[in-house]
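After this come two complexes, each holding chain A, first together with chain B and then together with chain C.
Here is the complex of A and B:
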């Protein structure tokens, strides 16, 4: 078995009395994308901050590339890439200068800056100062900066937060390319579609705890219930009926409704990750 | 696996970025220009002489003191010609902004200073005393004198000083309404005046508020206001640079670019070292520029001036790093800046009145810097005179950097 790129056991953190991360365990393999899905305040960013050495865990153990994270090891830092939640770019410097500077901190003599900017669609703006960039362009800068050192492990905190669908899709494509290159990716999001589309496995994080961790497929099979929504004419209005497919008498009831003269439409309802999340935690992903 | 990037390479990279950030920020550029233009201009247009006349009362009259001292001066080898020169010295005329009013009697002088008696000066220079309680007429063709301060010399003052006796006390009277700070300044002034009267420049220390005792301390030459202000100008340059540096650190903290730097192989200490080198170089550079313009390298002990400038640049950069990493937001930043800057400014005022700094002022970290600058500029202070001050400043520099590193590390963890 290969050494996991990220290996976490019982990791904990608290801000004063507030327990933000309550002893979580998981691992991420090289080339794998693990999606951390949870609402705001679940502890996603706190976990990334611990794993990237920004804050010191209050308990538990974690290794990245087999190196203990408490070691503050420059060799480890040379091999990780981080996309922060805040867009902490040097606004007075151009896109190219930002990436060149960052590359120089890794001792990279000839950074492939233009190539990286091309991948995120910013090559034409390379010489423009970042303060002239839109929110989406800055976010693309954030992602590209995380790629500068060709990291073996990528920590991406809400990389597509607040972006339009087209930009989001292009950023997801580049993240997938990084994983295909062999990078382990820990990605946080509160967007279930993103988690579903991009992640090899998904960890549901709620209130500092991992409530479930598996592939999207398995999560849906394990927790989700398949159901059908039937819409019928009801006098002047419309009536809806939900039928859970696995429940008793569901097929008889469905056949009965299907034969009804009032039938308007039948929709299959696949369990979404959000529904499963609600089922497991009693709360949604928003807010 | 070996570390692929060396610390010097990281620090070089950080310095390059520092230079870009500095050169592109309008506020920093404005502050720098302000320093480089306004300060030398202020210096250029500053009067090199103080025009205001200071009126000072003394007792007994200088001529009587000289008379009394003649025998002992003669015994010490003074020639008749020298003694005659003393007799001919006319002290009643205004000289170098100093008007001397002589009293024969110490009690009269004390009464005038305390406001119980009025002193009028007739056209011929004669002194007329008037009791304001009585209905005695105001003397005609006379000018009323405002005397806030008077010095009473012991009768044998000159002979004692000439004999090199230590512990010769001079009593300084001042009106109780005169604020304490002014009294201190006056006392210092009186001390310098006393040197002139004694014809010698003797070291002195202040015994208490009311009297000064001749003893051992740095000799004070008469230095023009313009010259006195030179070290203060340098101090101002360093102070302005501190604001720029503090904001170079705080923008990185507030915009959180520092966290992006610190998840790479760069360490907090690399970050601070780069800021320190950059800040010290900027302060040094601007300080040198202003020094050259005000002729600071041609006067006094220039190598000591340079060394002190370096120490001062480092100290102010240390303060900037500490302040810059303290505030949580812009207002917090401003609050911390003020909290630190105001007390650190206090020692620079002691420049105007050398030797008046109270003991609590001497403890302030910037005091040894300004004190050494003043000494090296205007009082030919030597390296060995300055060693203690510089060592004290060095301790503060180390402490400030320690505090800066600690604060920044803590701050980064709370982002």
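Here is the complex of A and C:
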């Protein structure tokens, strides 16, 4: 059995009286992307902060690459990559200087800086100072910095938040490449499309608790309802009819409509992660 | 804590530091203050009287003037060149001492003395040089002065204000480089969030703080030494001065680090320095106003760095004479280490919890 890259059992944290993470448990295997999906304040970033040693858990235990996170072990920091939600780059340094500096902290004597910048499409701006970069470019820099030490575990906090679709797609591709290389990825997002497309498994986080964790497909099958949308001509207009496939008489009704001369289109409808999240938590993902 | 990681952070700070306007300000300010104070109180535009002499007979007058403080002497071979320089205002006055002048004066003759005065020279310089020349001739002749001059000092007898202001300028250099630079550098890391990025790498908070402290110490040492040199206070005992300055710089940097650790943002950092300004600068006031009770100065922590600098550099004293003050300064620096560490850990936790 493979040793998980991240193993968490009953992890807790509170800000004063506010319990932000309420005893969550999960694991992430090498090469796997686990998406933490939840609204703002669900406890996603707090979990990452605990696992990367920024804050000390108030309870439970967690191991990253077999090292206890409370040990404050430099060996652990040397093997992880972190992409913060906040863009924290040295604005007065060039892209290359930023990456070279971080690589030096990891003891990398000949960093593959240009190769990393090329992967995120910033090679041509390597010598430009970061303060001249757009928001999307800075985000790509953040991602590239997390890759600089070829980490075995990647913690990515909202890596595509607020970016345009093209930049987001490019970043998702790069993350997938890292997972294919064998890195375990813990990704937080409130973008259900991103979670669906990128994650091997998804954990729904709400009010500091994991309410469900599984593959997107299984979640949809388990919690979602499959339906069919039928569009029919209705005089001068068009009318729609939704049929839930699991309901009584759905097959007969579908056959009846399919035979109708007014039939225009039939679409299958799959439950979205957002619908499932709402069903499970009673709240949306937007916040 | 790792010396290697500390060095890497320090090297990064040294590389990007000059890109900050504060860095430029740190360099410019002590130089500008020196210039302003020299204009206001010193002798930048009030140079010593410049006298040129063509001496054809190794006169005692030339030898006497050579020994004098306060007169700049130029020896020339050619009378025409002397006249040219006086006319061009390169000299305030020129004196031609022919061969046998001393013997003629001593023999009771009344030889001609050619004394040229520059038309553009300052009246004060002309008077000084004329009176000096007449005085020396009278001395050579062996005759007594017709009057006895009794010098009575008015006001406090002491060092000129331009000298007493040296501690203020040096202190400025220490504050700018030793307090502002490491403090603002740390605050900037907090504001931009780069501190958290550093702390999820193998670097620890101790590495980062040590690098900032070293940055402040190095810069403050360089700037304070340069300021002392600019103010002619770096004499033959420069090595002792350097030791004193390094100790002073290291305490300043520790204070800067404490302020930088405590301050949440740049506004708070500048507010703290402004608020603490009178407390920090208070000891220097006692050098400007020596009539104040000097023991009060000892109540301020930074007195213990400014007094050794004053004593060893400005007064030309020995380091052994200020060992107690230096020991106190080192003691304060060491005592601040755990305080900075404690505040830093608290701030780190607060930052992560945001």
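In this text, the second predicted complex is superposed on the first by the 263 of 287 C-alpha atoms of A that agree within 3 Å, B and C clash if a C-alpha of one lies under 4 Å from a C-alpha of the other, contacts with A are read in each partner's own complex, and residues count from 1 in each chain.
Assume a residue touches a chain if its C-beta (ideal position, glycine included) is under 8 Å from a C-beta of that chain, and two chains touch if they have at least 3 such contacts.
Computed from a predicted model, the values in this text were never measured in an experiment.
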{"item": "Simultaneous placement of chain C and chain B on chain A, clash or fit", "value": "clash"}
{"item": "Touching partner for A:105 - first (chain B), second (chain C), both, neither", "value": "both"}
{"item": "Which superposed partner A:132 touches (first chain B, second chain C, both, neither)", "value": "neither"}
{"item": "First (chain B), second (chain C), both or neither touched by A:247", "value": "neither"}
{"item": "Chain A residues contacted in one complex by chain B, in the other by chain C", "value": "52-56, 74, 77-78, 80, 82, 84, 86, 88-93, 97, 101-102, 104-107, 145"}
{"item": "Residues of chain B that touch chain A when the two form their complex", "value": "1-6, 9-10, 12-14, 16-17, 20-21, 24-25, 255-257, 259-267, 412-413, 415"}
{"item": "Interface residues, chain A side, partner chain B - complex", "value": "52-56, 72, 74-75, 77-78, 80, 82, 84, 86, 88-93, 97, 101-102, 104-107, 145, 149"}
{"item": "Chain A residues touching chain C - in the complex, by the definition given at the top", "value": "15, 49, 52-56, 74, 77-78, 80, 82, 84, 86-93, 97, 101-102, 104-107, 145"}
{"item": "Residue ranges of chain C touching chain A (in the complex, touch as defined)", "value": "2, 4-5, 8-9, 12, 15-16, 19-20, 192-194, 196-204, 349, 352-353"}
